[in-house]
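Each of the next two complexes has subunit A plus one other chain: subunit B in the first, subunit C in the second.
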Partner chain A sequence: MSSPRRKFKDRFASRLVQVGFLVVVLLLWYLATTRWGVNKLLLPNPLNVWDQLADVIRKGEYLNDLRITLTELAVAFVISTVSGTLLGYAISRSPYLIKVFEPLFAGIYSIPIILFLPLYVLFFGLGPASKIALGTTISFFPVVLSTIAGFGNVDKVLVTAARSMGASDYQLFRFVLVPAALPVILSGLRMGFTVALLSVIGSETIASLAGLGHRIVNLAENMDMARMFAYIVFVIAIAASLNTVVSVLEARGRRQR
Partner chain B sequence: MSAAVPTHAGIRLQQYLWRHPGIARLGVVLMLFAVWEIAARWFVDPMFLSPPSKVLFAFGDVLATRGVPAALRVTFFELAVAFAIAVVIGLVVGLAVGLSKFGNRSVMPIVLLLYGIPQITILPIFILYFGIGPASKIAFGVTHGMFPIVMAVVAGVQNIKPILMVSARSMGASHWQLLRYVIYPHMIPSFFSGMRLGMTGVLLGVLLAELYVSTAGIGYFTSVFTQNFDPTKLLGLVAILAAMAIVLNEFVRRAEVHFARWRD
Partner chain C sequence: MDGAAAAFSVILPDRALRIENLGMTQAAIPDAAIRVRNVSHQFGEVGEARHVRALLNTSLDIARGELLCLIGPSGCGKSTLLNVMGGLFTPTTGAVTVGTTPVHGPMPHDIAFIFQESALFPWNTIFENMILGMTFQGVPKSEREDRARRALEAVGLDEFAAHYPSQLSGGMRQRAALARALSLETQILLMDEPFGALDEQTRMVLGEDLSVLLSRSKKTIVFVTHSLGEAVFLADRVAVFSARPGTIKEVITVDEPHPRKPEFMTSAKFHRLRDQLYGLLHEEIRKSMSQSAKPKRAYEDQAKGDS
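== the complex of A and B ==
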């Protein structure tokens, strides 16, 4: 009876633990830099980091890097979404094609695709193209696999019923296949988005000319620790909010189908 | 099955492929390699892409390059150590969190919080603290690998039906016996699927750190081959690493299947 309330209470408690944990970490961090004399080059003072973060945001210095990273992410995600859903849908129409292609994609997916980064840098150079290529490759697989799973596992009874009631191809697609497959596809898209974000930032960290990952590395190489920590906090906040937005969209898409 | 008697080879081949999707899959793979071969031979600048036939014969060259075998050994060592540490931490934390209500309430939110951080952003900090040698790669691999294992162990322990625990206890099982005969067999399948995810994470973490900066591992040679525009050796090295990853993944996956058998 009180289950929803209990759930709310549990969630509240776990949020409380998380906030408490962060407070303790910040406190230890502060004490480590002020009292216990940890080297500033290893761990900058949190107040200092806060000042730098405020400075970064006030000056708008992050705008260019953020724009580049988000553009790379958007292009990569759009390419992998379009190609992954179209190809996945085409494959899912035939059980035979599923048997041919599904293990192939699953097999490639189990290779750490980050290994292709040196190749992409060689093909596409240090600019955004190599990041887009890596992000696309990495996010393509969860999208295509979930599309195959989604459209491939639609209950046959539903399809037969719709057909016998005289549904056209379009009606079958729009009112039976899509609603049935959508939850699986949406979770694949969310996963694709998350890994695309990680791989774009990751490839910027490893080899690039611009972008948020590049900025962090650049500051690390200049030993500008406080500003580097500020950027790390900034990027984590951006990533967390993007992932939250995508999760909310996913939940909404599930409800509206 | 089909009424029509195959009259010529085309139909027979079609039916053969129909019954053996694996062969058709192999055909698709071979076709992709053929496209790559043709593109690399006649259409793409050899500075950037080599045909697979050339890469195949270059494996010997790659392995004969001074330092590459040692680099592969270093990378393999990093992977093995990182995986071992991740499994131990994952198992200990997972059991501690999964078996006690207090642990679950207090530690699980923190695990979820940390797991959500995009760790790639803090890679430069790892390099700063652990140096550019193997230690930073191992540390980065461990932090990528341990969280999936923790989650899997917690899920495995919590999925044990309470009635099994209660009945074992009421029959007088000691703490140790409970652990050995109830918790352990129930945990094994999810522990191994966690290990598989953990292996994926360890591979990702170690390779990311290797590619970022490396003095002795394979990351050093990927950047050397890239900067020298030597696609043959680069592709060869990537292929060797991919094979290593596939073997490691397959090893853990086999173990997972093997230890999950008793359930069916």
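== the complex of A and C ==
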């Protein structure tokens, strides 16, 4: 009976530890800059960073870079989701194709594809196209692999049972295959989203004309450390909220199958 | 219970009459519910590693309204035969007819399956499982809820309609699977070790319920089991399989009206039939064990040759 309350207590306790950890890190950061004399060029004062962040947000200076980064991310994620799920479903229909492509994709997924960024830049230029292409490539693999696994491992008894009751191809897909595969596919999509975000921002910091990653590197090159940190905090906040949204969508998708 | 008793008295003469006709092993039955003719089935091609001859030239008629048990050594082809009867496998050779229709695929309006694992969709509640089965079969939307409720009441699970399969015990899951099959209102039920994963006591109680249900509904049931007691308790006839490649070795008639009472299990007749079955099976199980021991012997021979 006291189990919901107990759960709440546990959650509250672990949140407390997490917040405490962040507070300690901030405190150490503050002490390092004010008491222990760490060079401002290496580590700016957190209060300074806070002021800069407020300035960035008030002026709306981030808007253009944010728009570019998010557009790159969205396009890359949509392309890899559509192509990954369609191709994954097609492959999952044949044990032979699974045997051929699953190890192949898993192998490619395990190499650091970001190493090919120079090639992508040569082919697609310094603009958003190369970020989209790289983000798509990198996020395609978790999506296609989880789709193959999801549709490929549906319990055969359930399929046989549905067939014996007269399920049509469409009904089998809609009421058996999709609900059975959905949890695996959704966690693949979440992973795909995370790696797409990482590779878009990562490649912006290496070679680009605009975007949040570009802005951060630019500030670093101009030694404007406080503002650079302000942008880093900003990107972390954006990434955290996006990941929260995706996790919530995933959980909701799991429930409503 | 009144209804059951009434149905019982109606069914009894009919049953007695039929059983006289069935004295002979594997005799052809006029107007059979299911006819299996010279069915052989193999998996894989000759020479392939996974090649198995599962069924060999099996013929069997199942009368309307009877409960026939299939019993035999593990791996002899009982499930294969059941799947062939239901149109889930196409046999390598031979033919099956249901009524007058040759079987070429699933026949959802005539045949419902119950599998060893309950095969309920785990992401749907028990009630949703019932509705979905009827949706697949093509029952009009307006009838589904009513039929689902009635079938759940028949197996005593009406209070668990909103539960998910994982929230039920194994026995309850099998009852839910039985309810789903009943809601399809087919004349034929094919049950593959439906109570196989349950403990002996639960299994016996579910068997008693099934016996009552059967006497009410006049359904034709083919029931695969490994339990001698279950076979004698439930069946009008028991078909004993030979070791692989499986074929029917003998058919035993259990001349005892449904619904059967637990007392039947302690009767002399029950024990005589059970012992007879055991005698028939024992031989085949020995054979099937020596089959699976063959590779080992080959290995020993090879070892001798080497030394």
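Everything below uses one rule, namely that the second predicted complex is superposed on the first by the 249 of 257 C-alpha atoms of A that agree within 3 Å, B and C clash if a C-alpha of one lies under 4 Å from a C-alpha of the other, contacts with A are read in each partner's own complex, and residues count from 1 in each chain.
Simple rule for what comes next: a contact is a pair of C-beta atoms (placed from the backbone, for glycine too) under 8 Å apart; a residue touches a chain by one contact, two chains touch by 3 or more.
Remember, predicted model here, so these are calculated numbers, not experimental data.
Touch criterion met: A:Gln171 reaches subunit C, while subunit B stays clear of it. In the superposed model, A:Ala161 makes contact with subunit C only, not with subunit B.
In the superposition on chain A, contact of A:Ile216 is made with subunit B only, not with subunit C. By the touch criterion defined above, A:Gly125 reaches neither subunit B nor subunit C.
Of the two partners subunit B and subunit C, it is B that touches the larger number of subunit A residues. By the touch criterion defined above, A:Ala13 reaches subunit B but does not reach subunit C. Judged by the touch definition given at the top, the superposed model places A:Lys99 against subunit B, while subunit C stays out of reach. Contacts of A:Phe116 after superposition on the shared chain: subunit B is touched, whereas subunit C is not. On the subunit A side of its complex with subunit C, the touching residues are 157-158, 160-168, 171, 175-176, 179-180, 257.
Against subunit B, the residues of subunit A that register as touching in their complex are 13-15, 17-18, 21-22, 42, 96, 99-101, 103-104, 110-112, 114-119, 121-123, 197-198, 201-202, 205-207, 213, 216-217, 220, 228, 232, 235-236, 239-240, 243.
Interface residues of subunit B facing subunit A in the complex, by the touch rule stated above, are 18, 21, 24-25, 28-29, 48-49, 105-106, 108-110, 112-113, 116-118, 120-125, 127-129, 200, 203-204, 207-208, 211-212, 222-223, 225-226, 229, 231, 234-235, 238, 241-242, 245-246, 249. On subunit C, the positions that touch subunit A within their shared complex are 86, 88, 106, 108-109, 111-113, 115, 117, 119, 121, 123-124, 132-133, 135-138, 184.
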